[in-house]
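First chain written, first letter: the chains are A, B, C and D, and each begins at residue 1.
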Amino acid sequence: MADFRSDNTLGCSPEIIEALRRASDGSLSSYGADPITGKLRERVRELFETDLEIFPLATGTGANCLAIASMSDPWSAVFCHADAHVYRDESGAPEFFTHGAKLVPIAGGDGKLHARDLDAVFDDILSTGRTATPGCLSLTQATEAGTIYTPDEMREICSIAKKHSLGVHVDGARFANAVATLGCSAADITWRAGVDMLVFGATKNGAMGSELLVVFGGAEGELARRIHRSGHRFSKMRFLSAQFEAYLTDDLWLKNARVANGMAKRLADGLRAIPSVEILRPVEANIVFARFKPETLTALHDDGFEFYDWSLFGPGSVRLVTGFSTTEAEIDRFVASATEHSKR
Amino acid sequence: MADFRSDNTLGCSPEIIEALRRASDGSLSSYGADPITGKLRERVRELFETDLEIFPLATGTGANCLAIASMSDPWSAVFCHADAHVYRDESGAPEFFTHGAKLVPIAGGDGKLHARDLDAVFDDILSTGRTATPGCLSLTQATEAGTIYTPDEMREICSIAKKHSLGVHVDGARFANAVATLGCSAADITWRAGVDMLVFGATKNGAMGSELLVVFGGAEGELARRIHRSGHRFSKMRFLSAQFEAYLTDDLWLKNARVANGMAKRLADGLRAIPSVEILRPVEANIVFARFKPETLTALHDDGFEFYDWSLFGPGSVRLVTGFSTTEAEIDRFVASATEHSKR
Amino acid sequence: MADFRSDNTLGCSPEIIEALRRASDGSLSSYGADPITGKLRERVRELFETDLEIFPLATGTGANCLAIASMSDPWSAVFCHADAHVYRDESGAPEFFTHGAKLVPIAGGDGKLHARDLDAVFDDILSTGRTATPGCLSLTQATEAGTIYTPDEMREICSIAKKHSLGVHVDGARFANAVATLGCSAADITWRAGVDMLVFGATKNGAMGSELLVVFGGAEGELARRIHRSGHRFSKMRFLSAQFEAYLTDDLWLKNARVANGMAKRLADGLRAIPSVEILRPVEANIVFARFKPETLTALHDDGFEFYDWSLFGPGSVRLVTGFSTTEAEIDRFVASATEHSKR
Amino acid sequence: MADFRSDNTLGCSPEIIEALRRASDGSLSSYGADPITGKLRERVRELFETDLEIFPLATGTGANCLAIASMSDPWSAVFCHADAHVYRDESGAPEFFTHGAKLVPIAGGDGKLHARDLDAVFDDILSTGRTATPGCLSLTQATEAGTIYTPDEMREICSIAKKHSLGVHVDGARFANAVATLGCSAADITWRAGVDMLVFGATKNGAMGSELLVVFGGAEGELARRIHRSGHRFSKMRFLSAQFEAYLTDDLWLKNARVANGMAKRLADGLRAIPSVEILRPVEANIVFARFKPETLTALHDDGFEFYDWSLFGPGSVRLVTGFSTTEAEIDRFVASATEHSKR
């Protein structure tokens, strides 16, 4: 019927497959010295309107943790939202890559960190010198709650982080969805706001597996060695770069994100018309959190719709994720079924 | 002219691109619960004629180190050949994944470990109880020197390892090349000989990036968690599995390996006819180590042939790697040029 | 005038120096195979009325982290109070010893964990299987706030921990102070309540540097190796054991603790009589937290009294620690001065 | 009869016990801010005739590994002799403290590294950039074989290490024995020769447990944090410093070492007179390696003499260690017994 479990249960854009096919022929230098990666670097510099370095990687977990580790010592604190993927869903991957840094979870409404809360938390952990040294702040954009930081919010948060000597990392698994909503330049919510490293995701938005670690300001330090040492250095790197180049060509990244975001909006609009359904978070990207009557959920599952319960947000809560290949027909089928079942 | 730098500078088999295209459509469960991965598991069980578990991964570094870590404690010894990739070329990746196990290099002619040497080395490190506890033995098949362990050699080595309570891991980046040469069952040089875990490589033999960690005997323990924690768990795992399934279909893996091995043999045969050239290692897989006069090397590079100097084997030594897409014309051009330049 | 900074700014009981002198002569087996350590083991078994294993160590940081590490995997969660020393004051030592376990801070009044809060916290972290696996719960007895868990509280907390497959560790830097107050058997607040490992501190209560890691239930696993590997295995272990034996002889541990506790009570009683002074936490061991007018604090410092500001508990807050060598005269001088200064 | 097992089976000099007694009274700042530690720092600066920083620690394992870790990255190589304690006898402690650096063992006669071998080994590991980055070279002075590096040897070795960007660490568990033999200034075989960090041992030479990490050149970096994080920061540091101050007072360190060295010489001289006994290594410090007929060893053990077999040096080999409290009578008894038993 429709699969709203996650953006990673969906497939891959044909443009990306075609780019892989084109890249598959002939011999090229390995480990990123190939012209496809070289061209991608130039393209990303244009997009972000600045000098920068890129590291094509295959998984978001790896890319995020490598960025975090390169900005931390083993005795540092890494701050993040209490619902952040790096805190809740990675089996301690950041602790592994950092050799034991302390992940400090921070609460915040709508899945976002709020500038007003940060000074006190940073002070609490960093001021004695005995708990941890400043490592970095990790933000997610769009957040795990499907919400988005504005350029102003980013600037304010980054400024507080800098005051406490923290680097700023952005987990951009859904970065395209954020830019598509904000309509801003990619630079405005990254380096111009104070971000040091961005993991620019493509996997969740139509690629097979390609995440670009973007380092602003030339401080990539030992990243190459950390990437090698953790097994994340692709020998045939051309195939990661080719995916990303296709992703950026003709704004495929934004087109795919606009579809996903639009479908989430259509879904939320449809569900809002059902009296017994409650939308739990602002719908700013491609995720809808909603609460249904338990019997409605059972009926929807029975109909064959796929989605995850999200008891973290209370009983009856579910998470509905749309993606680049979600169709209006899928949305409309789901809304119609939910409407129908809710009447009982 | 021709690229003999490494099997990872070559591209990707069309069959594998086609499999990715087929797998790209529609929604499927992520993280390996998809039917493509399920079917692959069955296929690998047939191939190895036993029950086993598989973990599709993207890089050999990651796969090898995950296997090694799952068979070691942080205070264990991991034994390997002094020229093993895991010892020499990974920026300490095994030490990272194991949280500090001691890699113990062992010398051995033709890039191979020899059973007669092992007892003494194992005793030296393990007998006092103060140096390290038994972790595992890591073998490479085919070896970094382009040589191959026979089933008998594997059995004898594994038996000594077991006597010292060591698990056995095989780095099979060029496993297909070994099987193609030996003409044996894949089982004969793995679990039947005493191997516990195999990294069955496809990347160097025509895939984009797909390595299968094969666990014999059901002792996969905490591997899933280690894979997650190190960022090697692909969300869209179907795309790793699809590559490998195409690799095994219609014996593509063996066909590709036979081409590579055959080209290496053709190359070695051609070079042996040149009086001033010396072949430095037995040519049993897809790698030829040879020594040339320095001026010949300069001339070959000037002609546009690509290959790496291998000073580890003495001055004038080079490594020539053939692959699934190497052609007879490339070999013949190289041999002709080398013959010509050697006359001067 | 008087030093209330910490119990570790005080010296060493003469009985302990004398025991070191006695132990200093002649040759004895190293690394704990000496008769002094053997006799200590028997003595500790008597005291705790059960079989157990002991590991004499020199620092509390080391001892606590070794215990925690032996009950955790690198991907485990270690739960503790948000004010626990292992969370706030160790530069990430538990993360170092565990190779990256996640320390999860839990809030709780009076420096104590409260049974009613624990189920929800444990579930939040452990239930998805993606955040962390069960490691252990670390309690401090007496707590960093100078409060004490009763045997009933210990039993209830341990029971919830066990339900979630968590081991239980007790940081007993001030264990003697707790037993002296409770008047119970040492067994009642340890293994009988469900504690798996206790760090039985002597350093803060009159020893030079001697902390006994006590393992109940025979599950000491790889502790010996972890101790060796972290540099905490004393070659001349007799000198750690001799300190502890003297500590247990003729109840020196309880006598010293009773002095320290009594002085804290005397101090609190004296301060309670001053209208402008507020006692901030129940005084159950040897620590008094109090709030003074800022000018009183300045005057007390000017008088030469030594103590630390404790802004964690609000402006004007200080921590006053008494010890085995604190005298009534010191207390009375401080109370008199505080009384005098408060009048202004 | 006599205990030749190790210098750590012996007791403690009375002067050191007396210093502990003197230090035991009254309150002093903890963690090294006490005047005893301050005075020690000045005394050590005088002794080494230079500015330097000191970190009083309790175990050699800890002190050596902390020094090594502060000069290495997790991806570095740490070079040492194949028989070095840090390689053979520490359950992987250096790997733990460094988060996985690669310990590279180097063979060398008489337990010493020889300058002529080093360039090739360093190049082999460091030149590709893929094996490891330069960490440090760890030397032992006096060596585990009871031999000694001269100032000239130290200078030459350090100079090669510097050329390869390696820091130099000296494990000086028996540093006093080396200085006593060489009769040089402590500076001559440390910073003047190019040594960056020295672990100046007292434990094996009459202290209870006190090792001074001496950092030349002011580059102590994150050592304080590493010491804290690994549990090696003594709260009552005065008691480590007091031991060391007594050790340096009136040349106790040299007096004790001269006794130990003299007894080893007397022992070796006595044994050399026995035709069936072979002295296996030059006797330059306080260790004698000798080979006896098996039946002689049995008889000596039966007589009650204590010493360790040292099969590393071949069958019938033993290690005989003398110490600050070894007496001429003990030596003479042993030689007499050995002479007597050898006649049979």
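Some notes on this structure:
Assume contacts are C-beta pairs under 8 Å (C-beta built on N, C-alpha and C of every residue); 3 or more make two chains touch, one makes a residue touch a chain.
Predicted model only: the values in this text are computed from it and were never measured.
If you take subunit A and subunit B together, the chains in touch with both are C, D.
Taking the CA centroid of subunit D as reference, the farthest chain centroid is that of A.
Inter-chain centre distance (subunit B to subunit C, centres taken as mean C-alpha positions): 53 Å. If you average the CA atoms of subunit B and of subunit D, the two centres end up 43 Å from each other. A separation of 34 Å divides the Cα centre of subunit C from that of subunit D. Residues of subunit B found to touch two or more other chains are 74-75, 90-92, 96, 99, 130, 225, 228-229. Touching subunit D in their complex are the following residues of subunit B: 74-75, 87-92, 95-96, 98-103, 128, 130-132.
Taken in their complex, subunit B has these residues touching subunit C: 73-75, 99, 130, 133, 222, 225, 228-229. Residues of subunit C touching subunit D in their complex: 3, 5-6, 8-14, 16-17, 20-21, 23-30, 58-63, 65-66, 90-93, 96-97, 203-204, 208-209, 225, 228-236, 239, 306, 325.
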